[in-house]
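In the two complexes that follow, chain A is the common piece, with chain B as its partner first and chain C second.
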Partner chain A sequence: MTSGRMELVCPAGTPATLRAAVQAGADAVYCGFRDETNARNFPGLNFSGEELAEGVRFAHDHGSKVLVAINTFARVNDVDLWKKAADTAAECGANAIIAADIAVLDHVAKNHKQVRLHLSVQAAAATPEAIGFYATNFGIRRVVLPRVLSVQEIAALNRAIDVETEAFVFGGLCVMIEGRCYLSSYATGKSPNLNGVCSPPEMVSYDDEPNSTAARLSGYTIDRYEPGEPVGYPTLCKGKFKAGGKTSYLFEDPVSLNAGGMIAGLKAAGVTALKIEGRQRGKGYVTEVVRAFRKAVDAVEQGGDAIEIDRILAGQSEGSRQTAGAYSKKWR
Partner chain B sequence: MSAIALTLGPVFFHWSPDRLLDFYRRIADEAPIDRVHVGEVICGKRMPFSDPAWPEIIERLERAGKEVVLSTLAAPATVRERRSIADLCTDERLVEINDVTALPSRSGKPFVTGPFLNVYNEAAARFMIQHGATTICPPVELSLAAVGAMAGACPEAEFEIFVFGRLPLALSGRCYHARIHGLHKDSCQFTCEQDLDGLAVDTLDDQQFLAINGVQTLSNQVQAFCPAPADLTSRGVRRIRLSPHTCDMVEVAKTYRALADGREDPKAARFILSCLDLPSTLVDGYAHGKPGWLPAPSI
Partner chain C sequence: MLPRNSEGRLPAVVRHLFPVFTGLPLGPLLTLSLRSLAGRQPRLFDLLGEHRTACYFIDPVDLAFAFTVVPDAERSIVRVVRKSEAATSSVQIRGPILTLLSLLDGTLDGDALFFSRIISISGRTEAVLALRNTIEDAELRPADLLGLRGALARLVDTGILGALDVARQMAARNSRRKAPEA
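The block that comes next holds the complex of A and B.
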């Protein structure tokens, strides 16, 4: 599927970041409710029904759309909580609901035909058959692509499907296929699919030991830092482990995704929307990143070259290491 | 037929065709198992090695009276992998679906939903049943109570719980066996074949934690959930799944058969399992709605 101007989809963890993202040039913002129905169920984040209604008014007044993530898997015997979240999103005038669970998709498809359905990355639909199945059964209009596909594979996929695609370009990077990872619940009892959290902060400890600090999750040592070394958050799949006689960042280095250099390639591959991760991020960060990506996307749309795009996005690394992830085939 | 049926799940690891033939020959002849899953589910690149072995394995198992289920890939990507799923879905035998990719080809004909397919609640289960699911084996992070609640709401399907083996915890686009050997997935040299039960992943403090198997991450510890039969039947859970390892799987099957028939109590069953040559210690936290790594109660 080919597209016109690419849409920039930006994170809004709070009403304040929603306004910041809209003002910085987001074509759409995505957010969730303050409960386990969304995959960023962190303390101090997210929206009540009233806040969402207000946020939708603000966004629409400024020409932006609001996409509501109800993208965890409904708990058995509690499916109504997820259905009610979808009803509230629809009542608030959300432009789309981002969902992964068949129970949620089915409810929205049957009861809120005016609301677009976007298939969440948590559904891990990476083939024409899987995407076609969701399109046929629930009328999804867009799929958020799992982070396993290279740019060439995305181009081939877009030729084979007739729904829009949305690709992550910046922010946190899951190494595992999202929606199919239970590492967090294995260690902590809480998981992205069930609780909307990964490596939850209440299970984290930083233990000062002779000559080092250990970052632990639920008692499991995830990384260890020398004195003076910056200490990272012990996200399970970014830890340092021993395997096969080697000590390494086995799954992934502590890097974040930056596919800014691939915007033109993603456009050529037929991608409709570019997504920035980071609903847990503050207003200042969101403003800066959205502004830079707004400029970069506009430059690509006007035929800007790679050097210009690199210059616009320079400085969006926070001093941390970055990767283009699976978009580059060598990542695998 | 017994009240609780036994399934042998698919082999997750890259075993040679000879090893697969030997393994299933013994299962066919000696294991008190009703249903046996065959086929590669983790990595499509392994399929050219194992594919030639399956016809003989299937024939041998069926001759021994086992019900054979054809398991399909959990994370298909290439045209060849997608075609192999579509082909398997035309088979008259039962098929296990581990990715939504298989649903368009199989909808309307009976299938098993495997633990890689996200069936988390009664509404999702009902949807799958409408499309042809006859057995549902939900994701391993769900508790027995959650599986039982689904079973109670959907009495028309059979519900199955993963009771034995390293737990399948994650899949990735990246191959960790390749990465640890300084290679990429596209030119991986099949180093995963060296680790017949997966390669142990320990923390910096030598805590046993995870295991890798190509693109798959498993628990280091071995799930060994040993419920009393009434714990399952009272919740409508009528099938238990054992996941193959290099330990004596006939003994594992006999132990679970005795447990399910009430001839062995849970403590004794756990003790027998703990005496086998397992890759790690026994856990069963998930079954109780707790972190998966929590040890199975000691004897």
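The block that comes next holds the complex of A and C.
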């Protein structure tokens, strides 16, 4: 359980967004390389080695840390790309590497002892035994928690482990066991876990039809939108399908996580760091969300009450539908 | 997809000034500007990868003409075209001119504008995403496009961005006045 100030960990899809997040008050930013070693492998996004080195210098000059996500799973006989990414991150002065693949964790643990290892959410480690395995064998210092635990479960977990925990508080939700998703692979032949991209954009289309717009992935219709209705990015898990004669969001409602109201609870549960999702989002969005959460976290640290926190984060609940996710398992 | 509404569109008085510019060599000027930018910031075009040879049809819905842009670094081409030429492009992006310009300078969040249908896209989604991510990272100012530096660049940026801000305010007032019709 942590007694220090909670760390705000923010997304950086590009060098410009890294600078924006740092200037908006991020304690740490996380980013990845421009290849399939990271789980946000979208065109035009991510960092070269040179850009990462520059980003690390900028962040350190402003008192922020840089965590590098090398969090996809290496392919058989092709681990060198992942090892090289870890070597480059270490050379650039990254504060930590976020990884899930045992080969990557092992490489960093053996060759870059000065770099902290954070266990990626993609490892889906949610028990003291699983986390203990990674701590004992690879010396992980922090685990990014799967978004399936309640605050009470996180508190119990923190009492049973001696590594830091990081919890998502804002952004997109993944319905499967943290990215271990076969839906995208089935529809597109590309895997979030291996290629770093869920619903690859080259297979996404928005097609105008009489009285509606269809969002499709690889030819499958994921959703239809009435004229004027806000649209979404088509992912199979959040698509609207007909089953049993009824049309509904079959797997998951298209809602986003907002656990802003639970920051105090997460602190009390012993969480060390709060993570904002959204490396694919622009710097305008990142700046706005980071600023709001910076104020909220500072208010919690200074003993602010729930009403004050709600007021600070009120602007973040406009627009898309939101949920506190598993942090508040009201069905129990 | 068609843009949702008239949010942020140019007031008629300003809109009527624009056809005059179609008589100017706007395409060649923008082509030169883009090629010059490629000479100074080649990394931006590298970020586009294979999509630098894509043909982007940019349709300011409140103007009488559109543009096609092939952002192929020092071989870039910008043309002023008729709205009917959309079909020949790889990607179509539509929205009010001030909103499209705000995407260039990073004032507005492209995702939010798209999801709320203030701008619309069709065609190759990956090419749009590559362009959007590249522009986001570029943090372009008007002076960058004009190849200016130093005090003159600051002066031009202040002037053009200030004028755009005034135009946006006028457009916003115009939209509010029209709101009951929507």
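In the analysis below, the second predicted complex is superposed on the first by the 323 of 332 C-alpha atoms of A that agree within 3 Å, B and C clash if a C-alpha of one lies under 4 Å from a C-alpha of the other, contacts with A are read in each partner's own complex, and residues count from 1 in each chain.
Throughout what follows, contacts are C-beta pairs under 8 Å (C-beta built on N, C-alpha and C of every residue); 3 or more make two chains touch, one makes a residue touch a chain.
The shown structure was predicted, so the numbers you read here are calculated from the model rather than taken from an experiment.
In the superposition on chain A, contact of A:Ser205 is made with chain C only, not with chain B. Among chain B and chain C, the chain that touches a larger number of residues in chain A is B. Touch criterion not met for A:Ala89: it reaches neither chain B nor chain C. Within the superposed three-chain model, A:Ile154 lies out of touch with both chain B and chain C [touch as defined at top]. Contacts of A:Ala28 after superposition on the shared chain: neither chain B nor chain C is touched. In the superposition on chain A, A:Asp223 makes contact with chain B only, while chain C stays out of contact range. Within the superposed three-chain model, A:Val108 lies out of touch with both chain B and chain C [touch as defined at top].
Of the two partner chains placed around the shared chain by superposition, neither chain B nor chain C is touched by A:Ala53.
On chain A, the surface touched by chain B in one complex and the surface touched by chain C in the other have no residue in common. Residue ranges of chain B in contact with chain A, taken from their complex: 74-77, 82, 85-86, 99-105, 116, 118-124, 127-128, 139-142, 146, 149-150, 153, 167, 169-176, 178-181, 184-186, 199-207, 209-210, 212, 217, 219, 285-286, 289-293. By the touch criterion stated above, chain A contacts chain B in their complex at residues 73-79, 100-103, 106-107, 123-130, 132-134, 136, 146-149, 153, 175-177, 179-183, 185-189, 191, 193-194, 214, 218-224, 237, 239-244, 246-248, 250-252, 326, 329-332.
Those residues of chain C that touch chain A in the shared complex are 1-2, 4-5, 47-49, 51, 106-112, 114-117, 120-122, 124-134, 136-139. Interface of chain A with chain C (complex): residues 13-17, 42-45, 200-202, 204-208, 213, 227-232, 281-285, 319-320.
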